[in-house]
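Both of the next two complexes hold chain A, though its partner changes from chain B to chain C.
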Partner chain A sequence: MRGRLIAASAVVLTVLGGTAAYGAWSSSAALAAGGNIASGTFGVTATWSTPLDTTGMYPGQTRTGVLAVAASAGTTSRWVYTLGAPTFAGGLAASMTAVVYPSATCGGTALTLPWTQATLQAASATAQHCVAVTLGASAPSTSQGKTVTVTVPVTGENRSTT
Partner chain B sequence: MRDARARRPGTHRARVPGRALGRGGLVVAAVSAAVALVVGAGGAAAWWSASATASATATAATVPVPPTPTCSESGLLNVKLSFTDPSTVPTGATRTYSLVVRSGSTVVGTIDPYTSGTAVSPGQVGSTQGAMTATLVTKLTFGSTVWTSAESGGAGLQGASFIFAYLNCS
Partner chain C sequence: MRKTTKGALAIGAGVALLLGGAGTLANWSDSKNLGANTTISSGTLTIASKTQGTWGWASGATGFAPGTSKLVPGDSIKITDVFTVTALGDHLTATAAYVSPTLSGALASSLQITTALGTVTNKAGNGTVTPTGTTSVAVTSTDSAATTFDVPVTVTITLPSTVSNLTAQTVSAAIADGSVTLTQN
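After this line comes the complex of A and B, so read on.
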């Protein structure tokens, strides 16, 4: 009788665990040794595979180069990237424009920036984009000899390896 | 009166480890766990990001300075300025020249456009007497925009008169 009463009480307590108190069984075990856990690395590079030669520009002229985007050496994950709008700094800034194309071919429809390449890139992949820089047709004569730095920003993100 | 809670010999309340959460506490915990699982499965992923830039320096051209013109007499009263410009014309541009004549630092005549070998008469330089200098300026027209060069070296002119005003090369 006593045993049944205790058992019954335990059942009741278990059933009523949501309203009064509950107890949990616990168990532990040690993982088997072996293998190392280390953090990976990720970085992105942006270089000119075809230099952007923008010396001696006259009004209305366009010069092109090819931008190469890749993950840094040592990257093992897949990755994606975003191209930002080129910026200009210097005396010619107000007269300069730039467009970026989807591939190394300078033609067709330019990208609307910022633009994200959502297709997963292999760790060792290099993406190329034509960059076309133009000195405005109305650039005044006082623009002669002035300079400007054009910068294309790139942001990359890693993704899983599988 | 017998206490209903009095323990009968041999019986005891079972003690269960843990603390009493109460009904509300357990519900919150269960909901939280469910939320954490849902969030963790679809949106809690975090990626590493990195940035880089590629830069280049653009430079505007400078219109080449034209060569110093060569003065020669043209007829009895006039002179002509001749030159050959070796520079190329940029694509999309039209090139012309302007002849500027000064007496000292004062501009006494401008002929625009000026073509090599074209006669210059005393009247075009205000019938100025004495020494003058003639220089050239290149003008490149790109649609509505005109870029001008610096002035070339000067060719010497001499204004004089004898019944009529005339020009000599000096």
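After this line comes the complex of A and C, so read on.
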């Protein structure tokens, strides 16, 4: 009998189609463990540390006061401020002039207004400026018995804490 | 026995041997074990936290306390975490990238957040490490030795100085974790 030797091998291929899911390795770790951030507060106050008294002024007279500029309570940041030109209201307004000095000392070279303090102020700092107001020598007689109020505009602006 | 009988017996035996498919056939066969004594190993792809930073003033000043310190316009805080990447595989490429933390709360909309990968350090192994700017870094492993490196990731949060007037005062925001993910390409 003639026999036959049959050798057979089979390879089965499984081909995944384009829409099938496949896995790729990935690993992750947490970034920047959470916390809380809070914002602060800022405001500016302007008061007369030495009151400016304009009562009973006569033509040619100058009166002075000291303006104190500070950041409001609770401020933790540095800050800067700008002084504007004083304004007047009342019966004497038309005859009044004013100058502002760099410090509480009423003398020397007056500031050119508006003027900005560029030096960073500490949160708790207080800046002082002498304000000198003058009733003009040519104030008319009709100025008698009149009053005036003086307003110095101050604008504060915060800067970064550090 | 007569010859005729002998021939008949021989034919009968042959017929018995040639019976078709319904019967049992014996064929030569042989077998061997495929891949005998062969060990197959898989590689590694991991990213793990090495150093967890703490929030501080971006200027380098000390004294920042989360939730207690008060940010004002112009302030920035930052944190830097360091991660270790390990890649092991003869044909492995992967990319590490970040997902920035998210902010919530009344202060959130006024804050800006930026995230950046820093310079890779402590590289070991024969693979290559290729940063793409500050957004991602690719690693390639081409042999059976692990490629490892450290990568710092810095998150910076700023309350911009452009915040107008007195908005965003005395409010807060919560920071939710971001992540750094290493993904096989």
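Assume the second predicted complex is superposed on the first by the 127 of 162 C-alpha atoms of A that agree within 3 Å, B and C clash if a C-alpha of one lies under 4 Å from a C-alpha of the other, contacts with A are read in each partner's own complex, and residues count from 1 in each chain.
The rule is short, and it goes like this: a residue touches a chain if its C-beta (ideal position, glycine included) is under 8 Å from a C-beta of that chain, and two chains touch if they have at least 3 such contacts.
None of these values were measured; they are calculated from a predicted model.
Applying the stated contact rule after C-alpha superposition, one finds that A:Trp115 touches neither chain B nor chain C. Touch criterion met: A:Gly43 reaches chain B and chain C at once.
In the overlay built on the shared chain, the residue A:Arg159 is in contact with chain B and with chain C. Judged by the touch definition given at the top, the superposed model places A:Thr76 against chain C, while chain B stays out of reach. In the overlay built on the shared chain, the residue A:Ser28 is in contact with chain C alone; chain B does not reach it. Counted by residues of chain A touched, the larger count belongs to B, out of chain B and chain C. Residue overlap on chain A between the chain B contacts of one complex and the chain C contacts of the other covers 5-6, 24, 42-43, 158-159.
Interface residues of chain A, counted against chain B in their complex, comprise 2, 5-6, 9-10, 13, 17-24, 42-48, 51-52, 54-61, 63, 65, 67, 69, 72, 92, 96, 133, 135, 137-141, 143-159.
Taken together, the chain B residues at the contact with chain A in this complex read 10-11, 13-14, 16-23, 26-27, 47-63, 90-93, 140, 142-148. Residues 1, 5-6, 24-43, 76-77, 158-162 of chain A are the ones that touch chain C when the two sit in their complex. Residues 14, 17-18, 27-28, 45-49, 52-53, 55, 57, 59-61, 66-77, 79, 81, 83, 94, 98-101, 103, 107, 110-111, 115, 153, 155, 157, 159, 161, 166, 168-185 of chain C are the ones that touch chain A when the two sit in their complex.
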